[in-house]
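Presented below are the structures under discussion, each in the form of structure tokens.
Across the two complexes that follow, chain A remains constant while its partner is chain B and subsequently chain C.
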Partner chain A sequence: MTSDQTTDAPAPSPLGHVPPAALLPVPRDKRHIGLGRLYLRRFLRNRLAIAGVVILLLLLLFSSFGGLFTSYSYSDADFAALTQPPGAEHWFGTNQGGNDIYASAVHGLQRSLAIAVSVSVLTLVLAAVIGSGAAYFGGRVEKATLAVIHFLLIVPSFLILALVSHRLAGDWRVLIVVLTVFGWMSTARVIWSVSTSLRERDYVTAAEFMGVRPLRIIVRHIIPNLGSLLIVNLTLGVVATVLSETALSFLGFGVQTPDVSLGTMLAAGAGTVTSAPWLFAFPAGLVVLLTVSMTFIGDGLRDALDPTSVTGAAGGRR
Partner chain B sequence: MLRHVTRKAAGWLLMIAVATNATYFLASWFLDPRSNYQGQRPVRSEAQIDLALAPYNLDPRVPVVHRWWDWVTSVVLRFDWGKSPTGVSVNGEIGYRSLVSAELVVIATVLSVVVGVALGVYTASRQYGWADRVSQAVSIVVFNIPASVIALAVVFVAIWLNQHAGLHFLYVAGENSPNVQGLLPTIGDRLLHLILPTLTLTLMGYVGYHLTQRSLLLDTLNADFVRTAQATGLTRAQAIRRHALRTALIPTATSVAFSVPAIFTGAIITETIFGWNGMGRYFVQTISKNDVHGTVATAAFAAALTAIGAILADIATVFLDPRVRVS
Partner chain C sequence: MTLTTTRTDPAPPTGTDPVLSVRDLRISFPSEAGPVEAVRGVGFDLLPGRTLGIVGESGSGKSATALGIMGLLPPSATMSGEVLLGGRDLVGLGDRELSGVRGKSIGMVFQDPLSSLTPIHSVGRLLRDALRVHQNLTKQAAWEQAVELLDLVGIPDPRERARSFPHEFSGGMRQRVVIAMAIANRPSVLVADEPTTALDVTVQAQILDVLRLAQRETGAGLVLITHDLGVVAGYADDIAVMYAGRFVERAGVDELFRRPTMPYTARLLAAVPTVDSGVRRPLAAIGGEPPTPADLPPGCPFASRCAVALDACRAEEPALREVTGHGHVACLRAEEVADGTLDPAGPADRADEHPGPVRAGAGDVVLRVEDLVRTFPLTKGALLKRRVGTLHAVNGVSFELRAGETLGLVGESGSGKTTTLLEVLRLRRPESGRIEIAGTEVGTVQSAADVRELRQNVQIVMQDPLGALDPRLPVHQLLAEPLQAIGRGRDAIRTRIHELLTLVGLDASVGDRFPAALSGGQRQRIGIARALATEPKLLALDEPLSALDVSVQAGVINLLARLKRELGLAYLVVAHDLAVVRYISDRIAVMYLGHIVETGDTETLFSDPRHPYTRALLSAIPVPDPQRERTRERVVLRGELPSAARLPAGCAFVDRCPLYRLAGDDVRQRCRTERPAPRVVAGQPGHVYACHAA
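Take a look at the complex of A and B:
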């Protein structure tokens, strides 16, 4: 405890005292605001990204408040209306057990979104720490970490995912843990490759000479400079998680039956694609809207945050 | 060059071995073979169930390391992958199924690479033209559709076509029809059954190659050496094909290995939906039945497919990249 304080305390003071006189006067603050506005302007220039934001907001509204417009719950069974097509009473129809598809879709979207967002955030944190850690330490640590990452990337990780979650899942919170443990590798690899160049920067060397501890350098100096990459990967992580969650639940290894996610709804509708297409069409539509809107947002963010990016519509049109 | 490929192949063999053994331990911890006997009437006691599992090397009372050693020796010495908890031989199941799946995955991988790279080259050389914009939009949307939705959409369209256009050669279930006699009709029948699952897997697989190949080629299109090539009198198409594409293909070739696991995952869902008795469906069945040996055999098969893809990619790299040949 005391040793922590003694090593910790001097670290911020030189960093805080030396630059402000020369480098941190008022203009820096103004430029900072300008940068934020620049990002926003660049983002708004991308029409697809705006469409993505609008779709995502509508989906969020639907999942949080959609339940208010129906008197049914996803677990209620209406035995007077089995396998009804969409109509006035049941907006999206009902399934073979009389469950209201509208209510199920609201609940399923909530479930899938909760899983996707938490897995994406957790994976990103794990990947950022491991990826930049490997790059910062270099040498044997780097080699060992990369070997593990490559191994896990090549190993049919979906099989292992199915194996582990078959036993543990049923509870969607367990699914979050399992998906995180097997989902961080490719992001970590990208973060590692970008961090290798950050490791050589002067501000990292300077912090090293001042005796700042490695963990602090990683958290305070390397990870903040990966900001744009991390934000973009957050949106893409949501897409990847939705895809794996639907695949796992479709095969019966993810969310389990009393509970409902978009993946279990797809699985339930798979057998009746021609005879009762609404069972399948509504969850499929929601999944596609969710993933496509997140991708558009991710692309827009990449173009807005990364000055060197030349891909995408924004660069081409203007 | 031969040494390069041999060294890589040895590395992959080691990878398969490690992955398979790791899966064995994971499967032993997470699967419970006893569940196969617990629902039976008359009810058996725990000890009786353990005794029933003992001949298949699944007795939970034996330490897992002992079971693993017996399993490893039988795989290495006799290529015997063990038995399911109910005594069905794994070898008998995977012999036929691995051929079915390998057929599906290999054809789909090759088609994905060819279609994806061709589209990437076509659209990159016409950047921001209408063909580029349309195919880009289609690819981005397809890239984000879950495998199950793609497969079921293909089924839906195929059934609609069958009904409305009077086409009856699109099969949505199984890998062959019963009661087909003779060599040529059998081959024809199997090919017809292959159409839709291959189409589904190719739809899932081509997108990655299209998008990456397009951006890779865009990076090299304006390079000096391509302009020089055009200055020596080559047409633009020739310069792209012989000079720009050659450089831009190298990263794509190496990425084939990394895409095989994704295609195999797609194959699991495709086989489930199209009712193919391949390894993907076997995998789902073995996990649901807590069949340790069957699960491990599937994982080994998937790892082997990945390794084959990677070795092919390495050979392609040797041909494409002069730096590898020199060093």
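Take a look at the complex of A and C:
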């Protein structure tokens, strides 16, 4: 097919023990692009997704290294500067107690990101194992798991969340556990329903006939093939967690003072939106940037990983 | 020859002006690697009342051609050229204008009859709507016409059945309804895209007859698109062979089959397994794989697989040109092939590879199945499921399989052949009966090590090689899996993978690729290699060839034969295609509704079938030879396979049996009440059948 195998290979003899088809360099394989590269290419075609990645990277840099540029810590109080608007000394201004808003924002973003990422990773792992396990084993296991999921879904979880986290005196690590325990069900249900169709795939049956053990089949054949669903859920899960953490903290149930998260900052600044708008504007801006960037990334990933999507395909552009 | 692009041809007897003319049709689809040209300059004229068969393998562009003619391509595709229907060019028309043409002037029949009928309307309503869209009819008149149409296509009791919904019909009946819809408005052109591929072979014959009847009633020109050379041999007037998006040969059906002139056609015909030839002739596989449309070589697309290609073939693609006395061929050496001076198979020495499976039978018994029964409960009700009946999927099946032997289980879908296979593979104690693998009775061993050893002895090759391979794992991981499952070490696995790839004739470099990057034939080789990884004694093959193209199929058949010879394997093959089974089986068991109705050595069974069902099955298979196809005798079965939930008390085949209808009263009585016991044919050891009448 290509010029390098022309005259001297007249007819691939169909009769040799080694079928020639396999040995000939099939041209399409040369230009075959790996799955990863293909996804990357499709992802990079989406401008909004790239914007999302850039914003997220900036936010990460800000939360990790932002503290190096200021001499203040979020817990320090500068009694010489109470409720100062943004200026040369305090870049984002200060609040009523003299805390530097810039330092607080760096720390709050750190705290919120830590909570959001660990909660969404934990919920996803839990949901994937439970959802695909239920689908794979079927029968009673499946029925029982679904009953638990449906029960937890109808329980007013926000109320319980608020009560539990308040009781446990605002340790942010407890908040991670609580948010995880009440956050995995809907994802697990989606994963379950997709896994029920994966379970019927020929390659799962083939693995069973090869004698592969159930747990291994789940980990090796079912969960990896949920890949795109999981990745998209992870990014969107971060958005959801940031929002519910801020909401809880805003209401005074989540992170407790003296610790600072974006939610507590929003709560503190809400009262003075008119008189001291910087107290509210900076944390609010960070929340918006974070959720918007993650949403863009999630959408971009979904389009890139979905083979039927038009936006990711060669012709389409957004 | 009636298919003419050159006006100089003598006027054909049946028609005057072509009803459909396609000129230089080109279709391309966007892809990551740039536009893919699926159809590259197809042209033909279709005369009224004539049938043009378009034959090609998957990816040859035949379905894209059909969709292009009907204007049903996805919006991302681009199309150029002319599609002249009664003098009107359809290319570039808007969806609205096309809707006025589709269904009125062009009728369509698709492959899957279930998805081409709206499930929420009764078929009478669907037909009535189809009529009223294009004709000014009252509801009542349209309904009457709908009933007439259903009667025409052979739906029994049409007035009653018009009120039924698509899911209440069997596959064959649904396809009849689709044909009724296609001819409802008396179109001048019918396009049928693989109309019988989803159907069983006994039903296929009925549907093709209905299609011919529908064509005769309307006088329409028919474009019949299929991959099955046997189907077109009996039903088409002219044949166009497609390869890599172009017609490479176009001729009348007799000329084409008498002397295929394009080397591709010739090799394709040589690679088709047939049922009718007296002696099993060797299958000559075409090496290589069809090129992908995204990546065509500069010259003739077949050159790299062609045995008689010249240097010039690789430089420039030959145009489709007229060859005296043959039609049109796109080959530089067409004249040489046409006058018989050149053998397209190339300089010989190719017939020796496949001497035909040697009758082994002397080996140890690898698998013994005795009186196997498998039933499924039929339940009703959502909350409290109550049992309303029993589905007898497998009913007292017994057979024996020895090392180095192949047993083919053959039957229509629903005959219980796959269930039997899965029962063997499950390795659990069957509902009733015994399964013995390599001397160990299934269900008696308890310890994990023993079960593992049993498992190691039985492996499966599945029907769809793409579906059976996890798309996220590279080949070496796929091959490592069964070895890991039996607890082999890492180094042992690596050496074994290398051995396996060599064994099935694949290069070691394939190991890093993902299944999606492999061709169909390579994938099935990986599937076979994986099954062989644990050195099993018994290989279960579930329709191992039906997902492969004809030109690739032959290579896999030869591989299976070689592996059996070299490794002394026993194969249990399940297939619906008798022709294919003939090439790989030593013995065949024909199944009908969970019973084995006839068993025998392959050649005995083919030359002297005893059971009426076996005879019907054999005669229903289309033969890729127009002369024989038209003249040979057929046993046409009425109806379709009944449900295994309502087994007759006597012979399971009694409702469709042609012998029963001819038999005397006493025999009839026995057929209805008494299940026939297996009888041995005198003088033919091993040939057993179960019938009262034969």
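Following the convention adopted for this analysis, the second predicted complex is superposed on the first by the 274 of 318 C-alpha atoms of A that agree within 3 Å, B and C clash if a C-alpha of one lies under 4 Å from a C-alpha of the other, contacts with A are read in each partner's own complex, and residues count from 1 in each chain.
Just so it is clear, a contact is a pair of C-beta atoms (placed from the backbone, for glycine too) under 8 Å apart; a residue touches a chain by one contact, two chains touch by 3 or more.
Small disclaimer: the values here were computed from a predicted structure and weren't measured.
After overlaying the two complexes on the shared chain, residue contacts for A:266 are found with chain B alone; chain C is out of touch.
Once the two complexes are overlaid on the shared chain, A:202 sits against chain C while remaining clear of chain B.
Applying the stated contact rule after C-alpha superposition, one finds that A:158 touches chain B and leaves chain C untouched. Of the two partner chains placed by the overlay, only chain B lies in contact with A:253; chain C stays clear of it.
When both complexes are overlaid on chain A, the residue A:212 reaches chain C alone and has no touch with chain B. After overlaying the two complexes on the shared chain, residue contacts for A:225 are found with chain C alone; chain B is out of touch. By the document's definition of touching, of the two partners only chain B reaches A:274; chain C does not.
Shared contact residues of chain A, touching chain B in one structure and chain C in the other, are absent. Interface of chain A with chain C (complex): residues 1-3, 5-7, 10-15, 17-24, 26-29, 31-33, 35, 38, 41, 201-203, 205-207, 209-213, 216, 220-221, 224-225, 227, 310, 313-315. If you check the complex, the residues on chain A that touch chain B are 151, 153-160, 162-164, 166-168, 239, 242-243, 246-247, 250-253, 263, 266-267, 269-270, 273-274, 277, 280, 284, 287-288, 291-292, 294-295, 311, 316. Interface residues of chain B, counted against chain A in their complex, comprise 15, 18-19, 22-23, 26-27, 30-32, 127-128, 140-141, 143-149, 152-153, 155-156, 159, 215, 218, 257-258, 261, 264-265, 268-269, 272-273, 283-284, 287-288, 295, 298-299, 302-303, 306, 310. The touching residues of chain C, when paired with chain A in their complex, are 30-34, 76, 284-289, 291-292, 294-295, 297, 303-309, 311, 314, 346, 349-350, 352-353, 425, 451-452, 455-456, 458-460, 462-464, 467-473, 481-482, 484-486, 502, 505-507, 510, 513-514, 516-517, 519, 521-522, 525, 530, 534, 552, 554-555, 558-559, 562.
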